[in-house]
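The chains carry the letters A, B, C and D, assigned in the order they are written, with residues numbered from 1 in each.
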């Protein structure tokens, strides 16, 4: 599969709709372990992207750069800034490209994960969106059905970390109480990925 | 019947107990038409009187003067001040007397009513404690069974004024809404009188 | 609404103990009652004294406004209850330095009776007293019965202006006349969203549904002019300004001060949202706003709601409003 | 708890519009975002700039403390949300007059990421930045992980002292070192009784039973060290002082300031009741209390609860604490 301008726009539509749909759910998940704004962050960021959809250039790199800026401008929440950092990382790599092969995606995700890790000064394994990205990058690399592998990976990441304590971000202070609870950022990534791959 | 030191002390006990018992009821009645403190005012004033009971002199006038002071010191609520004003009025008349005839009471009440009216700058007929006192003074004057007449008078006053609007004190601002509601000060006087005459 | 306290009956005494301990440079207790607050540093000898009094639960009103350029003494009662006449007499005694004392307080039945009684007490001690009643709440009686209105947040303008006039050395008649002029210049209206709890009563002062508000409600929960669905900030501010402007007609060139006051729980964020409309309405009427006051100046503990006070200035009132004052809650200059 | 507002998404913009309209002598907006507040009168040229930033809903924190002897600029986010990196960069640009800019803000993940990003942005414009993170809340991590603690009301001591140091003309290194020293001198703990509602979420940030409180809860409703039955004021104050004194050992002759802060709805009456115990405990430990602060200095809108901050002074910190400052919410000298 090849990612082009149109594919990107269609994915934006689906992700925007998913974030609208999951508004309450993500706020509630974040409310249980943080400040309850993750639904706001994601729906507002995606709405801003959606609003400028018509103006996004064909150049995928530049388009992603503008998506990143939408997140930096609409939100100062950790997740918004991390999303922006990850998108910026991919944007830099892809600048000037109008189409990219799906096979390039795992590496882009791994690079984004690393940049986000730097930005958030957090370890892998801390039960955050970083772990979802880590699972994604591994599962998608060399998979036959990348979409299915991606959708599976975000589920598996949630399952594997559910019973670990959070050690990063606002959720950290819940310590042991966070055991058994899903990380809101991982839930958000699950929704984003499933909407992106349309599964 | 003759009112002596002992009779006064026994009445104080009964009124104190009645105010304790009616604490919530008077607060609630005052809450519906005012600031909800009438139970506090009455129970606190009577408790202060009760606390100094052993030290009250035989001289009924001086004893009532000290009772009045208990109300001025424990409470600044209208009712406390009015009670003090009325007690002070009787105290002045009775100074030096160790026993008084029940037949003197209607006049004492009428005089108290007048002094309280001066203090509160309110008209008779305004649906206040003044009206209860007015009914009391009339009903008791020349009654065979003064206790029964007094108990009857405070009930009748409530019945007669229930469906009039309040025009005095905090209850005034409720205007028409106060129709059908009992004046808290009249309720308090009903309890005081019934406890005093032990009916 | 939950409260942090020990025994309800100790609420006021402990509050005063903490307040005087925290601000010994501003406040001290006077007399035996433990309920009379006076300036830590007495005013100049020969200055007219100004005292107020009323129930607790309204900080900074009443005790908070004891201070330089403001009040000299205050008798404070239990929560929402008038102080006793004896306490008021003590406040008058403390405030008198020979030039007489103005009793400047809100028009509530109990307070009036007790301040009258207190006046009779200190008369024997040759202290001359005058009285100005604050009756700024337009919701509590129609204009033709304005003398029946209750006093609410507008009282702080009277405290400030009369305090400054006394500090200037004016005599009792002049300070009294000025206080009356300040009182007459102010109109207020409030709107309540949630009740508060009087510690000794233990129950909220009134009940109101989660989606309702009450326009014109009094600071003790006295009923207002209507109760209905909670409106938007702009609607609330608009109606409150309508009602004030109906009583205080403004024309171009007028100068006004305005107080946007939280009843307690309502945070400054919401006051600022309201202030946008207040400002627009006043400027649309041609008035210039002088020293707007936005914050918690007269409260009912944890009650949610707001009040607006409009104070129409002339040159004299404006000068006195801007004169220096200093207490733990408000300082100017 | 009900709120007075228009559209939830306009809450912050309207609040800032009202705030700058009410206090044009103190605050003005800077840049295009509408979310960056700077001093109305710029500080002296060549002065080190101090900026902060964080979520809305904490007035006077953060924007309120922009002013003389305090902060130069502030980027403000949505309620309880970090402002964006671009907004922070704007605040830094406005605050810079060539002597560099100190970023002085609370230790929250989003704010740290964004201020880091903002620093990278202004680096290209040759603005030198330093950082001091405020991490005073003892309930949020044990002492051996003190760098993970979140910043709460103690930040106002750092704003005040660093602001005074910058006003004196110290250079960026010196102001930064002083701010770190002030931050290190402060420890805070809070207790919450009721939640608040983030306008856009529309629901309370947490739930708590009518007879419960939570010790150590964060200002956004982050869980604390225990939840249990509502205690008496003296018990609450006692435990909070225990926890602070365990971290800030005091001996005779020590000088401290203490902040008894309402989280919003809790009225000053209750703060004064608590202060009795605070004062006794500090004096029992032999310390002298300097300039106690009692009031609403750092809030969470209409949340009920309190926080205490203990700030141990040396001669330098005490001088800076008492130095003049002026903003709409706090003025000294």
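In this text, a contact is a pair of C-beta atoms (placed from the backbone, for glycine too) under 8 Å apart; a residue touches a chain by one contact, two chains touch by 3 or more.
None of the values given here were measured: they were computed from a predicted structure.
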{"item": "Chain centre separation (subunit A, subunit B; CA means) in Å", "value": "74"}
{"item": "Subunit B-subunit C separation of Cα centroids, rounded to whole Å", "value": "32"}
{"item": "Computed distance of Cα centres, subunit D from subunit B, in Å", "value": "55"}
{"item": "Rounded Å distance, subunit C centre to subunit D centre (Cα mean)", "value": "30"}
{"item": "Sequence positions of subunit D contacting 2 or more other chains", "value": "none"}
{"item": "Junction residues of subunit B, two or more chains touched", "value": "none"}
{"item": "Chain contact topology (line, ring, star, complete or other)", "value": "line"}
{"item": "Touch relationships between chains, expressed as pairs", "value": "A-D, B-C, C-D"}
{"item": "Residues of subunit D touching subunit C in the complex", "value": "1-6, 11, 14-19, 21-22, 56-57, 59-60, 64, 193-194, 210-211, 213, 230, 232-234, 236, 260, 264-276, 279, 292, 294, 296, 299, 301-302, 304, 306, 331"}
{"item": "Residues of subunit B defined as touching subunit C within the complex", "value": "27, 31, 34-37, 40-41, 72-78, 80-82, 85, 119-121, 168-170, 172-174, 177"}
{"item": "Subunit C residues touching subunit B - in the complex, by the definition given at the top", "value": "33, 55, 77-78, 80-87, 108-114, 116-117, 140-141, 148, 150, 198, 200-201, 203, 205-206, 218, 220-223"}
